Amino acid sequence: MSRPHGLLRAGYPYLRTLGMRRVIGYPTDVGWTDDGNALILMRSEGAASVRIWPIEDADLFTDDLKGFGSYGAGDGQMVWPVQLITDGEGHIYISDEATHRITRFDPDGQFVSKFGARGDSDGEFDGPTGISFDPDGNLVVVDSKNHRIQRYTVDGEYLGGFGSHGSEPGQLDLPWGVHVDELGDIYVADWGNNRFQAFSPEGELKIAVGKLGDGEAEFDRPTGVAVDAHGDIYVSDWGNNRVQMFNSEGHYLWSFRGDASLSRVARNYMLTNAMSNRLREMGRIEQEKYLRRPRSVRIDSDFRLFIPDYESYRVQIYQKDVVVLDRTQFAAPLRNPTLEVT
Amino acid sequence: MKSDRALVAHLMRRAGFGATPSELDKLTMEKTYEEIVDDLVDPDRFEALDTSYIERYYGGEPVAVHVGKWLYRMANTPRPLEEKMSLFLHHIFPVAWGKSEHGHSLYTQIDMFRRVGMTDMRAILLELSRDPAMIFWLDNNENHKDEINENYGRELLELFSMGVGNYTEDDIKAASRAFTGWTFRQPLSLYPNGHYPAEFEFIEDDHDHGEKTFLGHTGNFDGGDIIDIIVRQPATARFISRHLYNFFVEDEVQVPSWNTEPPRNEDAIRELSDVFLESGGQMRPVLRTLFNSDFFKQARDLKKVKSPTELVVGVIRQTGEFSSPTPGIHQFAITTLNGSLVEGPLAIMGQRLMNPPTVEGWHTGHEWIDSGTLSERIGFVESQFEDLSKPGVREMVERAGSLDGDPAQLVDRCLDLLGGITVSENTYDSLVRYASELRGMGGGEEGAPVGVHNLLQMTASTVDYQFE
Amino acid sequence: MATKSADKTLVVVQLTGGNDFMNTIVPYTNGHYYDARNKVVMKQDEVLPISDTLAMNPNAAPFKRLYDEGKMAIIQGIGYPNSNRSHFRGMDIWHTAEPDRVGNEGWLGQAIRELDPNAENVLTGVNIGMGLPRAMAVNGVPVTSVGDLENYGVMTRLEQERLREKALEAFKGIYGQAIGTGPVADYIGQTGLDVLKGADMLADVAERYESDVEYADNQIAKNMRDIARVHFADLGTRIFYTSHGGYDTHANEMPTHPKLMNDVSGAISDFMDDLEEHGKADDVAVFVFTEFGRRMRDNGSGTDHGSGGGAYIFGKNVRGGLYSEYPSLDPSDWEHGEDLQHTIDFRGIYGSLLEQWLDVDAKPIVKGEYEQISPFAN
């Protein structure tokens, strides 16, 4: 599991779109199961649950939409869920920034356990948002309104944490999503400071990238962050309606703005809607493909990039296409730019 | 103390959504009345609420979510008059979600009110005429050069600027022709991806470029020219002044009677109209004059009935439950139960925000009250003030002191805590009697223990509390 | 009391969300129906036929019984021009009887004003449910909305009896004393006392009620039972209103619609039995409506908003049977290429109820004259 020396970046084609309004609520995060399903975490005011949807997409709008969880503060319910992750055994963990807890479900969506209580002491939360497993199988939790990162065992035993409120390098302001890579480094979407930061497992700042804006490596409220096995970093840039991609050094590569096509279920659904089809024809249909307010970004072990397209009731998927390069195929870093023909 | 507490409390209720006791402490300590007015009419002195912070927590498409976000803004804005003006404009330019169910465009319309509400009447009417929600609501999207639809042209003159009796049917036709081609671009359908924004669009080919005569002026007018003429009319100055007076000072008769019924306070309307005309329709000078006037200060004693929005926002400011984003604010608007829409307290009290009943808007004043709406007002404050887990309720109960103290002083403190309100002598005596009765009841044998919160509930259930 | 208990009473039941008319009164021999509906469809061998062409939804067996007894009038194809498929606009139109402009006054509120012109009885119109339906709202017309019959009134959240007693006393004092201190305070004071009066009148209604009819345990059944309880207390109510939600079946219609049918048909037939048991069946009619019907084609799981639906009138004095015409199912007749065309204007049905049952002039309420039907026996 070592990182490649270099990459030939062939492309990052759009793969497909999952879902549509009515079968998927506002998707705020996405995970997946071993058997080919996406677990789409849906949240809007007064509604919250998880939709189970085949990554291959479903043909028809059927009667038995699969999912689990419901809106509420009871066990197995959620009010303001933020992120969803799964462990090696298919257990599902969901953070909830309203009830200040992390809930664990079994692979069938049955409630298993929960932990968390409101407060600002060690082991307490004020609005837990991002969650990720570290290489040891512990949970790293973003404690957003306390502006810090904490680490817990899956049973909720507090293991330590770091972070303080502010805009200096290494400080945090209402952080949101988190990803821990296979080396244990912790990447955080530093929402209020319009940047992402990476920390060592001990909490030392490694890189900080971004400032307010809509240019390259600029952000308007970054929400989620993901890192793939090549070390590439993806950050969902909420206010700019895009996902930005960086290499492991924090060098900006490109942006995903959305290329959605109709999902299979949407295609079939629209066949029964004459008026809607006419309205689409009269409208500015190009805008239909773009992302709207993405709240997360995730990448699986097959290098499929999942973007929950929050305000468009769907998930857009891209497929990374690279060739791994060795030392003979990828030159050492250059100090200076060059116009020399190579 | 630089300013009078009761007067500042009155100002903050009318120009905003009420002040808490600690806010009143600070304001009266630091600023004169006139300085507070200056702050109110110059909202740019205070940083606006961070929209992304609100959107981070409150997501969703139903109109109740949009209403919830608006309520959150009303309760937390550092610019209370800016927010109150957007409510004012929603009252006088009422567009209902019910016709289109396009909540998105309603929300952006309110945002537009927030942006232009304290500029000038020309900008306000121009933005209004370009607003997709308004265009659809009054059918200006069906106003074509070869097929005039007069709905918008008529209401612009009748309900939005001058009032009946100040123009002719020919003026309506001319105005309507001037607004031909003012439409919006068809947004994408709700399916499969949810609502998309609508954008204003001017279709040159569908605009009647011909000569028009409007209120004695002749030219090849378009909508902007019509608005220029409208804002110079004394009738407009008077009409807007009367609306402002009705909203901020004293309940007037309902708008349809304005051309037959004289204003409650002719001098006040004249004063405001003069400022409006002198300043070229600028809202800030008019508002500054209004809030600094004697008629406004004396209006403390006038029985102006609170709108449901003013009541609900005033109460949620008091309870402190939504001083930072917290789930559930949309439930004040509409919520769902067993899959069907159930109306929240605002609607049951008679004010479906973003969904007014007609183009005339809400009938205000005593017409807010009937047996159903009054029961809801009382049930609402009962439920809000009984919950001691709400931070503001807990704080009020602590600050009010024990039931064992002097009942009259206890009532005084409750009145101050509820925003520096005043009540009639009869009510005051009844409250003091009730306070002394509560003292004897203690823990009781059944139900929740008796406490000062019961006195807060009663104080907020009085006839007097229905007045701003 | 302004009204006599022997007067006719109208109960209005709103099916909120747009009931699927084609799956309620099923055109079970029509090929176009089976062509358009793939999954959200009633099987020919399961429906309850009422004629060669139409059948009742199998889950609405109590309706079938009432229909067979001649107590159910089915108004086919009821609707209004230029349906825009919006729930809220649709409901506004039904509530105000104004399809062409945005109306301000509820049709039943206007009827209540005619029935009780001096507003003497706060219970002339009673809604069972939360909030006042637009249909009953007219300024100055007192109607009462009862969310919880056992706990109607003010200060009902106070659990201790003595506290509640003292609170009501204080409330009465404050509102009573406001009268005489100015017109607005007078008005609000009087309204406060009206609330107390309504609460007093309704205070023991629930306890006084006895019946052998056992209503089911669901919301519409409870609401119909509350209507029976208030009606049997002879408080002078002429118009009752209640709603039954959940009909917006865009998805999962096949599993959810049967329960709706089962609940509403059971509640109404139990209510009819209750009236019969109490000797009050002659003077009560129940009108059931929904804002629109649903789309011809299903979407694989449910049906989307359409137009041209159905309404129903129940009562011992109702002449049961089919009224108006079933909308044409031929694709060439579909509105917008996908909806049923309505065959009778709802304002004519309102006119029939107002004039033939409540004896109220319908013209000013529905703003004109529309084709009426004759659904009543005498």
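Observations, loosely collected:
In this document, chain identifiers A, B and C correspond to the written order of the chains, with residue numbering beginning at 1 in each.
Note that in this section a residue touches a chain if its C-beta (ideal position, glycine included) is under 8 Å from a C-beta of that chain, and two chains touch if they have at least 3 such contacts.
Note that the structure is a prediction, hence the values are computed from the model and not measured.
Chain B has the Cα centre that lies closest to the mean of all protein Cα atoms in view. Interface comparison, A-B against B-C: more C-beta pairs in contact at B-C. Between chain A and chain C, the centres computed from C-alpha atoms are 48 Å apart.
Annotation: 39 Å between the Cα-based centres of chain A and chain B. Averaged C-alpha coordinates put the centre of chain B at 33 Å from the centre of chain C. Looking at chain A, one finds that residues 22, 269, 273, 275 touch two or more other chains.
Of all the residues in chain B, the ones that touch chain A in their complex are 52-53, 55-62, 64-65, 68, 185-194, 196, 326-331, 335-336.
For chain A in complex with chain B, the residues that touch the partner chain are 20-22, 26, 28, 43-47, 79-80, 98, 174, 176, 191, 220-221, 238-239, 260, 262-263, 266, 269-270, 273, 275-277, 279-280, 282-285, 287-288, 293, 310-314.
Residues of chain C that touch chain B in their complex: 16-17, 84, 86-89, 92, 102-104, 122, 130-132, 134, 139-140, 142-145, 153-163, 166-167, 170-171, 173-175, 177-178, 181-185, 187-189, 191-192, 194-195, 198, 219, 243-246, 248. Residues 96-101, 251, 303, 305, 337-343, 347-348, 355, 357-360, 363, 365-367, 369-372, 374-376, 378-379, 382-383, 386, 424, 426-427, 430-431, 433-434, 437-438, 441, 444-448, 450, 454, 457-458, 461-463, 466 of chain B touch chain C in their complex.
Of all residues in chain A, only 22-23, 60-63, 65, 268-269, 272-275 touch chain C in the complex they form.
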